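Everything on this sheet refers to the single structure shown next.
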Amino acid sequence: MSDGAFGDTARSIAASSHITERITRLMTDYSAVIDNDRLESWPDFFVQNCFYSVIGRSDHEVGRLAGFMYCDNRDMLVDRIRSLRSANVFQPHRYRHIISPPRILAVNGDVVRCETSYALIRTSVPEGAMVVFSTGRYLDEIVFEGSDAKFQRRVAVTDSDRIDMLLVIPI
Amino acid sequence: MSDGAFGDTARSIAASSHITERITRLMTDYSAVIDNDRLESWPDFFVQNCFYSVIGRSDHEVGRLAGFMYCDNRDMLVDRIRSLRSANVFQPHRYRHIISPPRILAVNGDVVRCETSYALIRTSVPEGAMVVFSTGRYLDEIVFEGSDAKFQRRVAVTDSDRIDMLLVIPI
Amino acid sequence: MSDGAFGDTARSIAASSHITERITRLMTDYSAVIDNDRLESWPDFFVQNCFYSVIGRSDHEVGRLAGFMYCDNRDMLVDRIRSLRSANVFQPHRYRHIISPPRILAVNGDVVRCETSYALIRTSVPEGAMVVFSTGRYLDEIVFEGSDAKFQRRVAVTDSDRIDMLLVIPI
């Protein structure tokens, strides 16, 4: 075939772009369910046997696993949303995730490891006061279930070692 | 041809990446004309028969169209920049848009619908005080005019229901 | 070959996506070494004969080169990190870069020029107070050394004309 080696390169680039696009989309879809207050869909981003935590950077650096939030299977994620909904009759805040493009660190078989920086900004309603609520990075292990990319492990490492209120929503 | 179905997949991925790249570039070009104070070029991002508004989330959710700013054709955008320029001899603020990667929601014929999160940070000059001025998401309908991607509809839904000053620049 | 002109287009799109991906990755890798406090790796992002500066927008607009920080070869970058490490026994702040997708402005032979918006958020430790420390844009000239993309020139133009403390880390 005339396109020979160049065709292979184009295909390999296309495959690499494809993974980058799918991972990027997973990140923005995840942000959207939280920011658009469709929290009931949040557990769907995880495989059943998942790990999710939110942990301060100092704790993370010394190897701790449990931080502000810790869930080691999807049922715990579902429970968390349920209790959040029953505890809060009115959500007085809105959240907005802004993320940098994700950095894919490794592709090992079916698992993609990546790191993504985020800033989470909280707006109070109806006052409209805006604060940077949290910044940090996601450390992720992502697998593909059919056509879906899902988190097998998501650790949100917060730059701050404190979160200034009861952490009610996921990050 | 030997690359058969795989070649088709590579082409389809390349086409999808291409749309994502063009849409992403439209978003960053749009931000740049505002942030670099080249506002006279801002209406060029829209088709003549366009719709542009900036609206608080509560108003948007109950179906209102008019919010902090409302324009239903490109001439209104041109007028807005003209009046902004004549009213302000000196612009005492600088703006910076930071956006997440865009989420393409649908491609219907020639129209691409997408949603993009933004944070807009304002710096006062010469003091240098920085505040998060607005966060939210763009809800867009984009069409292609020749080689250009343009907004047929752009609605900036702000997370806050209030904007704490006269909104003079577009978001 | 049956894919003819379309195959060429697919290849050209793949090549363009490939440059975009490499440039994007350079931006996020650069942010990560600063945010993850691996500053010793920071000079590796530059060619030996590089130019790096951090400058306020007003100074930049009137053509000045020297601003808050100015280095015209990689050894100066290495020195800067060394003196920063010797001066600070404990770093009381953490930094987080959030960037918009980069805008590639031109590809001239081996040099890619691009512009990327950033927000840099600083968290104090252990208090956890977060402030927007700087926003602005990178104006870059990037070259490829083998498989690596490196900065030949990086100018961080800050939206503020002041930086409210001794600028110790690079932006």
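Annotations
Labels for the chains are A, B and C, by order of writing; each one numbers its residues from 1.
Here is the rule we use: a residue touches a chain if its C-beta (ideal position, glycine included) is under 8 Å from a C-beta of that chain, and two chains touch if they have at least 3 such contacts.
Predicted model, so just to flag it, every value in this text is computed and none were measured.
Under half of the residue numbers found at the chain A and chain B interface occur in both copies, marking it as a different-residue contact.
Superposition on CA atoms relates chain B and chain C by a rotation of 120 degrees, given as a multiple of 5. Averaging Cα coordinates per chain places chain A and chain B 25 Å apart. Chain C has residues 1, 3, 7, 10, 14, 17, 98-99, 101, 119, 131-132 in contact with two or more other chains. The residues of chain B lying in touch with chain C in their complex are 1, 7, 10-11, 14-15, 17-18, 21, 24-25, 27-29, 31-32, 35, 94-99, 101, 119, 121, 123, 125-128, 130-132.
On chain A, the positions that touch chain C within their shared complex are 1-3, 6-7, 10, 13-14, 16-17, 20, 57-58, 98-103, 115, 117-119, 131-132, 134-137, 159-164.
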